[in-house]
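This structure is in structure tokens; I'll ask about it shortly.
As written, the chains take the letters A, B and C, and residue 1 is the first residue of each chain.
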Amino acid sequence: MTITSNRHAAYSMENVIDKKTRRSYKRQRFSAGWSLFYKNMVGKIGLYLLILFGAMALASYIPPLVDPMYHPMTGVDPLISYASPPSWRHWLGTDNIGRDIFSQLLTGARVAFLVGVSAAFISIVLGTLIGMIAGYGGRIADSLLMRFADMIMVMPSLLVILLLSVLFGQLSIWIIVILIALFRWPAVARVIRSQTLTLKKRPFVDMARVAGASHIRIIFRHILPNVLPMALLYMTFRVTSAIIVEAALAFLGFGDPNTVSWGMMLQWVWKTGHMFQAPYWLLPPGICISLITLSFYMMGRAMEEVLDPRLRKIQKADYAAS
Amino acid sequence: MILEIKNVVKQYRSKPFLFGKPDAGVTAVDGVSFSIEKGEVFGLVGGSGSGKTTLGRLTLKLEDFDTGEIRFDGMSVRDLKGPALKAFRRKIQLIPQDPYQSLNPYFSVYDSIAEPLVIHGIGNDEARGDLVKQALEMSGLAPAASYSSRYPHQLSGGQRQRAAIARAMILDPEFVIADEPTSMLDASISFSIFKLLSKIKREKNVAFLFITHDLAAARFFCDRIAVIHKGRIVETGPTKDVIENPKDDYTKTLINAQPRFSYT
Amino acid sequence: MPLLDVDNLTIAYHTRSGPVTAVENVSFRLERGKFLGIVGESGCGKTTIGMSLLGLLPENGFVREGRILFEGSDLLALSQKELQAFRWKKISMIFQAAMNALNPVHRVGDQIIEAIRIHNPEFSEERIQKEIKELYDLVDIPEQRIFDYPHQYSGGMKQRAVIAMALSCRPDLVIADEPTTALDVIVQDQIIRKIKDIQRQRGIAGIFISHDIGVVAEACQDIMVMYRGKIVEQGKREEVFVAPVHPYTIALLSSHLTIDGVFDFHADKPEVACDFSPDFFAGVCGYAESCSRAEAQCFTAPPKWREITPTHKALCRLCGQND
């Protein structure tokens, strides 16, 4: 054949794309993405904050081991039975019945992660799946699914969850998670659907069809990676909104009474009338809620850039309009 | 006869927004008929927007046509479904016109080229690696190792086009639709690609539908050609006859507009 | 002062195996109203040069050394912001990836109007309408197709729309990267003629990147032949195409297919080697291996620039020797 020349003979002797090399491509690809991510300022701050909250969540197991009085729910200080300001014994003070605020705060981080990430994850999985099916499938599937999504979208989710908890009594934290997820997928589905609609017309999808790919393969291997950055971006928004919804529910007194979440802490402050008397009790959960939602948002922005190789260079289309 | 196209019509109508009737639309393919024998290279030559790509898409069942009939190996393409469709797609392949958009940006060159093998469950990982390497080197991306891990945005236009050729040839198809396969390649490489395709054709008896606007390339590569203009075939016949004795006015214009540059 | 003066430009890409040089020591000048053609092997760095002139290299690409002077100001010293003022208005580019330059979710006409409006805020609505109709007329797309979406265009129509877009802001310099690959000869002919008209009327300059020697021979006064990131021959159209001296140029010209079909190619037909990494050949002639005239010294010593005439030179130790 004309196209190879002698110089390549040396290369073709070895089987150049063996398994090992291929695996190492994957690894290098990962490390390349990682370094880019790390360079990104916003992502960096978001990441540090999340690591901080992650550390808090993990550390929440420690205080009860030190002394049972540090148990966030049941442990009360035998000496203090009123709201006390920070001290050596209680770094952030105690609440009105003498429970340690610091250990409550740590546990709150754990609950926030649990609620935020799992609710967001479920809603993203649902939203992405439904969005891709609506966008890729025919007109009928599209209209049905999207009308359904609209119906859910216009429902006032907080109100419905409140009504449900009035009807069924106290809801457990897992039910709350699932309810939040069920109310939060439609917006994701809309975005993913519209992306899928334009992706479907891209020549590489046609090429996959020409190669004989099934619809399932096209959806999961070709469309999914292309919508994933958007889905992940939305996931971070959903984490944010799930945490806020849970906090709001808890603050209104409809949370799971057996968990210590930041919203719950705020509700205790409010209910016991310490709102303006005990800033050491009010501020930490408030600040934590703001910061954790912010950090997930920043992570999302950074992640978007890492996952989309085309965003890494200046987009030509952008410049056409600039 | 491997492919038979009879009176195929395809019209694109723009859908009205809310109210109003659909407008007249664009008739992309307007009653085209021809047939291609096994192992033959058939050229479809025509101007921009004349319906060449659309005809290729119809043949591949990427879109449905309005009226007419397309038969591949005796089977009506319109009726293909399920396993028969999958088998059909193993025998027929496309080298796409736009190499920039036809490779998934998230697939490395290796993943893209190996994909047809994965879909049809051919070989294990190791065998696929070998096949991909062969295909890459065959289409001029050598050494394979330095290309297989790249992503499309790290390749030049011509290199993408060669990756697309490698992908199309990896399944050993019986019939290939080559939609301007060398539009982005320089003379010397497109020349060797044509030689390569001719060799494949001879050795494996592959038939080609070669879509181009370049009569010179058609003359070099095709056994027969059809000239298409505004969705209709205006002239068809053995390459040499059509080019040396054009009957139709459009064909004559096309031939006369051909740049005569030549270096001897 | 020439409009564009590129001096000793070297561009590399960061890759996993370290930086790879894609363009090496490229120098050329372009006067106002002139067209320069760049031809060469696929992957030899033509697009890379074009992108660097606009400051649009991919993130892993960087200029190692060299200077790019446009109207006397150094483009490499400008910030992205300052470059934006140059792009489109002064230097515009017809991208090789015609489809990528069009946003799939907006109508083509709207995208062009947007570009005109941003760069010419003073234009009235009617003026813009008039401009866009003129542009579509120029590239020969029917008026009723202006507001279609990109996927409704054929390959050639997309390419023509991108040409229209690049000309929409009346730039001083147009870089056209394979502008006519998807076009049939009739439209191609017409566009080249129109571009020449515009060139005469408005005095714009252009860089024409193409592998189609016929097109380049038609449109450009100066020619640059590249091989593996280096210029191997440079000169006026008549000199390079009528009396080529570098073996690669000769091989390239002789494998050009023509309709009259002289298929009996010269023995010099290039043996195509596609691995591209000039670093690999540090110092020696990159073409030596495929060259039919190569002598022992070609494999050991670096090639030299030979002047054939004051405007015509080639990078080859054997060329232009009068023996």
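The definition used in the following text is that contacts are C-beta pairs under 8 Å (C-beta built on N, C-alpha and C of every residue); 3 or more make two chains touch, one makes a residue touch a chain.
Remember, it's a predicted structure, so these values are computed and weren't measured experimentally.
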Is the way these chains touch best called a line, a ring, a star, complete, or other? complete
Which pairing of chains accounts for the highest number of C-beta contacts? B-C
Would you kindly tell me how far, in whole Å, the mean C-alpha position of chain C lies from that of chain B? 27
For the pair chain A and chain B, the C-alpha centroid-to-centroid distance in angstrom is 45
Please work out the Cα centroid separation of chain A and chain C, and write it as a whole number of Å. 46
At which residue positions does chain C touch at least two other chains? 16, 58, 97, 100, 272-275
Can you pull out the residues of chain A that are in contact with at least two other chains? 2-4, 8, 28, 202, 313
Check each residue of chain B and list the ones that touch at least two other chains. 98, 101, 140, 142-143, 149, 153, 192
Touch list for chain C against partner chain A, complex: 16, 56, 58-59, 80, 84, 87-88, 95, 97, 100-105, 111, 114-115, 118, 151, 165, 271-275, 289-290
Seen from chain B, its contact residues with chain A in the complex are 57, 60, 62, 85-86, 89-90, 92-94, 96, 98, 101-106, 108, 110, 115-116, 119-120, 125-126, 129-130, 132-133, 137-140, 142-145, 148-149, 151, 153, 164, 167, 171, 192, 195-196, 199
Residues of chain B that touch chain C when the two form their complex: 12, 14, 46-50, 53-54, 97-98, 100-101, 140-143, 146, 149, 153-154, 156-159, 161-162, 180, 183-192, 213-217, 219-220, 243, 253-255, 257-264
Write out the stretch or stretches of chain A touching chain B in their complex. 1-4, 8, 11-12, 15-19, 21-22, 25, 28-29, 202-204, 206-214, 217, 222, 225-226, 309-310, 313
Which residues, counting only chain A, touch chain C once they are in their complex? 2-8, 28, 32, 198, 201-202, 312-314, 316-317, 319-322
